[in-house]
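Chain lettering (A, B, C, D, E and F) follows the sequence in which the chains are written, and residue indices restart at 1 in each chain.
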Amino acid sequence: MADRLEEFRRFRERMNDRILAAGNLEIKRFFALDTRTYEAGALPVKTKELLGLVASLVLRCDDCITYHVIRCKEEGVTDEELLETFSVGLVVGGSIVIPHLRRAVDMMDRLNAGEAPPSDAPSSAASGPAPHAGAEHGR
Amino acid sequence: MADRLEEFRRFRERMNDRILAAGNLEIKRFFALDTRTYEAGALPVKTKELLGLVASLVLRCDDCITYHVIRCKEEGVTDEELLETFSVGLVVGGSIVIPHLRRAVDMMDRLNAGEAPPSDAPSSAASGPAPHAGAEHGR
Amino acid sequence: MADRLEEFRRFRERMNDRILAAGNLEIKRFFALDTRTYEAGALPVKTKELLGLVASLVLRCDDCITYHVIRCKEEGVTDEELLETFSVGLVVGGSIVIPHLRRAVDMMDRLNAGEAPPSDAPSSAASGPAPHAGAEHGR
Amino acid sequence: MADRLEEFRRFRERMNDRILAAGNLEIKRFFALDTRTYEAGALPVKTKELLGLVASLVLRCDDCITYHVIRCKEEGVTDEELLETFSVGLVVGGSIVIPHLRRAVDMMDRLNAGEAPPSDAPSSAASGPAPHAGAEHGR
Amino acid sequence: MADRLEEFRRFRERMNDRILAAGNLEIKRFFALDTRTYEAGALPVKTKELLGLVASLVLRCDDCITYHVIRCKEEGVTDEELLETFSVGLVVGGSIVIPHLRRAVDMMDRLNAGEAPPSDAPSSAASGPAPHAGAEHGR
Amino acid sequence: MADRLEEFRRFRERMNDRILAAGNLEIKRFFALDTRTYEAGALPVKTKELLGLVASLVLRCDDCITYHVIRCKEEGVTDEELLETFSVGLVVGGSIVIPHLRRAVDMMDRLNAGEAPPSDAPSSAASGPAPHAGAEHGR
């Protein structure tokens, strides 16, 4: 799992750099907009990460769920808060969400057990404008 | 629009009563579970309603969005907070969300203008266990 | 509602005829294939209509749900069987299915009350190969 | 129908103006990005509109389909080309797409019959950067 | 593949136990409701499993498809019946379903070839209330 | 990766042959229809492949994306054209598309680097009616 997380991190970072270097302006702007959307505003970063997490759950995207669980832990979200967010996603999205819920809880447990999160996952100290694009687009 | 809101309310309430009286235990339990999921826990009701709203946006269900916008206003969510929640839904879900975003902002404006929300929409004082099932399953 | 059902029927029939006359062979073949798929085989027509109904519910298509509820009633599906099919759709698809469930139960009630179903809806006697394409593609 | 098209146009324009004036920067940037994405690049505008149309079909968004059918006609797309685009959407997306296909063909026919398209729909002459945001975000 | 099935079974069972022990009441109730929904009622277990299978196919969830194919075989569903269920899912859901159809047919073949199904998959003798929650939530 | 592409190709070909031999007529006809839909008509093959690609992107099916990227390269689609197609899919479908976008760009790069595409992928010379069904249903 640590290996899978590390592999996930490396592929994500390499491809984000690759995509941003590809010269398509619309894709580049979308990535910048995606980063901005989770910055603090009227709602705190923590709430926005919970919103990104529940949206990822009901749309059933494992990579997106992994990213937002990591970010939520960095923002100090507790297990109880994560589980309640999962319960909203499960009730809105139905039993089809269950396989993704299993993997989400497993990820939560591993992060709690001290397994290294992807080493370049944006730390909460860096939750402002991203200094390094590859680190921000984790979904 | 006031008429449409009123028609929405009446149909919703009538059919919720009808469905709960139909004698299918699984459906009945699902409705009870749906109500419980948005009650205060580790996360406050307000945050849970925002989660329900963003999930409804990315899954593109107008009735569900209407319900959660009404509930969010009852919980004191500001326009700025609603708009930031919409922005997360728009970025996660893409331009396909735009027609629903238009209707969501229109609903927000009408509620702000003092148009009567569905008269039996659960008031924030009644956000505990529902005394009347028809009032709770607004989505 | 009778008017809405009648309007639904007329638009559906007119557009099916229009589409089949448009000269696009792939669309024409798809329509023929769609009709064949619900004919009796190893599974009886009734079971296939239940399958079409639950698939329409979890994909949240009102027109498709209306069509299959009408067809199920024609095939002698009871209210209890319909409600159990709805319960599977609700649990698999989640609360986002609820607005469609309301309209599906309302349709079931109206058909039970003797409201004329769309007059050209395929009767169970005509559940073999369709003599008239417009009548079959109700979804 | 002419009325419905006119109503669609007015609501769309009014709400686009309202949303852009709401002061949420991320939503505003998303709308600008959405407009840019369909401008000529390595692919001509016509092909990009066909791409937007087929994506709208398989995601089953009537407002988005209406918008792109209007834009396709403005770009000189023929009925045969539209029907082939519909056939790709139908085969990829399945029979659940059929109700949307009916409305899409009906829209194509009405535009061919000379029914006024929404009067502010972006004309092909204005397919460059939008002078008026309300006119561009038709989906 | 036997290994993959075994790995699937172990992860599923371990995580179901973990999730049920996590103390979130809504998630726990959802799991109990999910189990009940497939028990015999007006419709036999076999029909309900076919409903769960076609819903899983059109929503394109491999884990859910695997679970319901195993359950269908346990309930005595024949290959012809499975293939007809797949054909309804394919026609309703479109070509996007094909990759999942391939894996579903492969699973059917392996079960027919006598490859051990997950050893704790609920046998048809245990299709009443689950004695062990981990065994039931296979999706 | 070459191995994964080769494994993808073998499983796809084996299962397509298996499914076509299974004797279900509706599935067989669907596969034939799927092949026909991408043949030249009013729109050239290249445009149809771009339509299939963007539909696969917004529906988030990696196998389908892989297939259409390979087919697009065979039809002479340039990287700039692929990236613009990706940008339409990203803007319509939202950030939930990003993980699939990463894998799509990676596939494009590997094909450019001369990595053997699946050896039986239909060459552009064979873009007429398929001599061998297994080779055509790549999604």
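Rule of thumb we're sticking to: contacts are C-beta pairs under 8 Å (C-beta built on N, C-alpha and C of every residue); 3 or more make two chains touch, one makes a residue touch a chain.
Computed from a prediction, not measured in an experiment: that's the story for all the values here.
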Superposing rotation of subunit B relative to subunit D, computed on C-alpha atoms, to nearest 5°: 120
Interface copy of A-E among D-E, B-D or D-F, judged by whether over half of the contact pairs recur: B-D
Gap in Å, rounded to a whole number, between the CA centres of subunit D and subunit C: 29
Euclidean distance of C-alpha centroids - subunit A vs subunit D, Å: 32
Subunit C residues counted as touching two or more neighbouring chains: 26, 30, 33-34, 37, 55-56, 58-59, 64, 80, 83-84, 87, 90-93, 95-96
Chain contact graph, described as a line, ring, star, complete graph or other shape: complete
Footprint of subunit B on subunit A - complex, ascending: 33-34, 37-38, 41-43, 47-48, 50-52, 54-59, 64, 78, 80-81, 83-85, 87-89, 91-93
Contacting residues of subunit A [partner subunit D, same complex]: 25-26, 29-30, 33, 36-37
Residues on subunit F engaged by subunit E in the complex (per definition of touch): 11-12, 15-16, 18-19, 22-24, 26-27, 30, 34, 55-56, 59, 61, 63-64, 137, 139
Touching residues on subunit C, where the partner in the complex is subunit B: 60, 79-80, 83-84, 86-87, 90-91, 95-96, 98-99, 101-103, 105-106, 109
Subunit D residues touching subunit E - in the complex, by the definition given at the top: 58, 90-97
